[in-house]
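You will see subunit A twice below: alongside subunit B first, and alongside subunit C after that.
And now, the complex of A and B:
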């Protein structure tokens, strides 16, 4: 059970052993996360990894099968309206009512959200040069995305959730859209959660990262810490896995060398440094891609694997 | 939410008003001439006042032959399916359109729980359909008034459009279509899937159940000793063999020799029957809409 410490403000998002089953298949399982208020979090995973399942549970469109979830301390057992008030949501493909005008959409927003900020909505449309009287079906894809974003922002919810917000947009519209998101986040201290399979879009933006594959969280934490905890090692091809330090995430063998992404404490990596090895820091995209290519494993598997292997401190380096 | 519901169903409401207006124009044009003819037909009026219609079959037939074709053919064929069409056209897209176009993610992520979203929407649209059904019934009843004095209101092609049942038919088709829309997630298949069972139930109730809502009475017609007995029954025979305008003769029953026995529902059961039949269709509506609310709530909870 998620308990809120009355002394501190609750994190933007906290999940504990969260899972959702569709019939006999688990869309998401064993998801334990915490994202602080104000973070810009990238949620990365291939299609079908469970991103939308996680987002829909966060928003309240889907109820968890097991585990706990809290958005700014509001759990999935709280009244629906209280939960919905915490989250602004831009759904995939930016759904809007086609025969509504932009003004009608905002009227809907005002009618359905007590905290609606009409001034903000109209000011944003003015700045983007989108006429309020235009029908949604007459807008371009990029404009529709901006109206969707404005609907979510004018709701004045502390958490903004974006599901594949730019995958249907052209490069210019992508850039404009993300610029608007980042400007809004900087202005208001909004917490943002962006789900995307376009890794390069997230690199410049995210200070938190969650990688999801096969319904399981593979990696989660502050981007800088995650990068610091990984190294690309270039080692002679013959080097067995058991001699490498830390947890092997991804290994590519070429003719003479192997390139291995390992995860370990930076201090431990330094202690295990070998004269014939080269250690390089890992890039954001490289890190994400390595985890995406990794066969889906649960966090429990990793813990078990790490426990089964002798720790580096106890095992003597034989060369 | 009221504004949102109105905005989303505005064009349907306008279409329904247009339909009602067309019906009213037809009713006024044909109905006025029928009323004038009825008022000028002194023989018919005095005969009805004198004998409850018993003694003037010729005058009645002359009038019904003149106006009966418009009344029966046009109304029976169009109005049989019209309530179902209205119901499914309004109900089918109510949820299915949101699921079809992905706008459910928008509609249900505002600060209104989907249970409230659905309840308000269903409440307003149901209210609108009740008003429409009542208005259609009023127009048809006014239009048919002279005819009803000759035929009564109990015969199937009259009973179906006067009183309470027309509104209940619309609501039932609407309820089925809303539920089908949630289950099938697409508007057109939902309309078809709702219309077929609606029509089936509608016909079964009319032809199988309705004659037995209450046990029919028996009328014995004593035939003259030497003359042949008028032995017919049927919807077209006016006044009915019971001699009382508005009685619904169901069929012949076994009786003693020399006597023709008929089963019939007396005219004064009209409102009881209307209430029973409307009750059946309103109960079906409530079941379908209740299931929809429960299913939608369960998806989230």
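And now, the complex of A and C:
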């Protein structure tokens, strides 16, 4: 049960054993997370991993089947208006009314959001050279994305959720979009959650990371801490897993040597250092890719194999 | 105003890239004492980079005594000169040039030279541990 400590401000996002089932299939299960206010979090996972399920529960489009969720302390049982006021959302396809002008879209935004900041919306369009009188259908993909972002920012919500915001954009429009997001985050201390497939771009954007596969959280926490807790070990091929320190995330065997990504406490890694081994720090992209490729217990297995597979390894990495 | 750049494929963490650029610019004289560094928002918006990363880089520069924050005004360069004395730098550069010439005469490619330097630095670091 999520309870707020009256002495401290609540985290931007907190979930506890959160799950959502579609018929007999679990889209997301056993999701326990906490993201502090002001963090910029990358949410990574293959298609069908549960990213959109998690995002739609956060923005209030979906109700959880089990567990708890709170956005700045407002749980999913709070009145709809209170929950929606906390989140600005930019969907993948930047849905806007094609026959509306930009000014019409803003008019709609103002009518629907009591905290709407018209001045901010207009100033942003001015800075980006997007005419307010232009119809949505006459805008470029990059401009449409910027209008969607402006609609979300002008709500003045403390959490901004972006679902694959740049996947349909060309590289320049992508960079311009992310520049605007980062400048807004610096300006107002906005908390941002970005779901993205473009892992290589996330390193510069995120200070928090969540990796989802098969409906389960595989990795979550501050990026720096996660990187510090992993090492790439180069060891003789004959070295058995049991001799390696920590938890083995990914292993590649060559003819004579093996390259192993391990997760362990940094102090423990130093203590277990072997003279014949080489330990190197792991890069952001390498870390994410290793977790994405890791065979995992899936949410779908839960129905059939809950008792058979307690999955202590998966537990260990989600903490 | 000083402007940062970011190399996404270098493998160096973004905050360290920012720190290195200030160090290097001080060494080369592109940055001097009293120069104002761009605001966190400007760097974040310019490079499409997490503002917390910029804050972290500026904190590191303060920790190293290279920059300092003035409340309400921004972050300024406080270091007076490059960390290494110019004479020592010149002598090192001369011996490096000599070494590079010798390496080229021995038939090493530019790639091999870079690799050799990286290996030597790596081994030196290991000795110190």
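To be clear about the criterion, the second predicted complex is superposed on the first by the 297 of 319 C-alpha atoms of A that agree within 3 Å, B and C clash if a C-alpha of one lies under 4 Å from a C-alpha of the other, contacts with A are read in each partner's own complex, and residues count from 1 in each chain.
By our rule, contacts are C-beta pairs under 8 Å (C-beta built on N, C-alpha and C of every residue); 3 or more make two chains touch, one makes a residue touch a chain.
Remember, it's a predicted structure, so these values are computed and weren't measured experimentally.
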For the three-chain model obtained by superposing on subunit A, do subunit B and subunit C clash or fit? fit
After lining up the shared chain so the two structures overlap, which partner does A:80 touch, if you call subunit B first and subunit C second: first, second, both or neither? first
Considering only touches as defined above, state whether A:114 meets subunit B (first), subunit C (second), both or neither. first
Check the residue A:283 against both partner chains and state whether it touches subunit B (first), subunit C (second), both, or neither. second
First (subunit B), second (subunit C), both or neither touched by A:172: neither
Between subunit B and subunit C, which makes contact with more of the residues in subunit A? B
Considering only touches as defined above, state whether A:59 meets subunit B (first), subunit C (second), both or neither. first
In the superposed arrangement, which partner chain does A:267 touch: subunit B (first), subunit C (second), both, or neither? neither
In the superposed arrangement, does A:203 touch subunit B (first), subunit C (second), both or neither? second
Smallest inter-chain Cα gap (subunit B/subunit C, superposed on A) in whole Å equals 25
Help me check something: in the complex, which residues belonging to subunit A touch subunit C? 38-40, 175, 178-183, 185-187, 200-201, 203-207, 283-284
Which of the residues in subunit B come into contact with subunit A in the complex? 1-4, 7-8, 11, 101-106, 108-116, 299-301
Note which residues of subunit A are touching subunit B in the complex, please. 59-63, 79-81, 84-85, 87, 89, 91-93, 95-100, 104, 107-109, 111-115, 148, 151, 155
Once bound in the complex, which stretches of subunit C touch subunit A? 6, 8, 11, 13-14, 40-41, 44-54
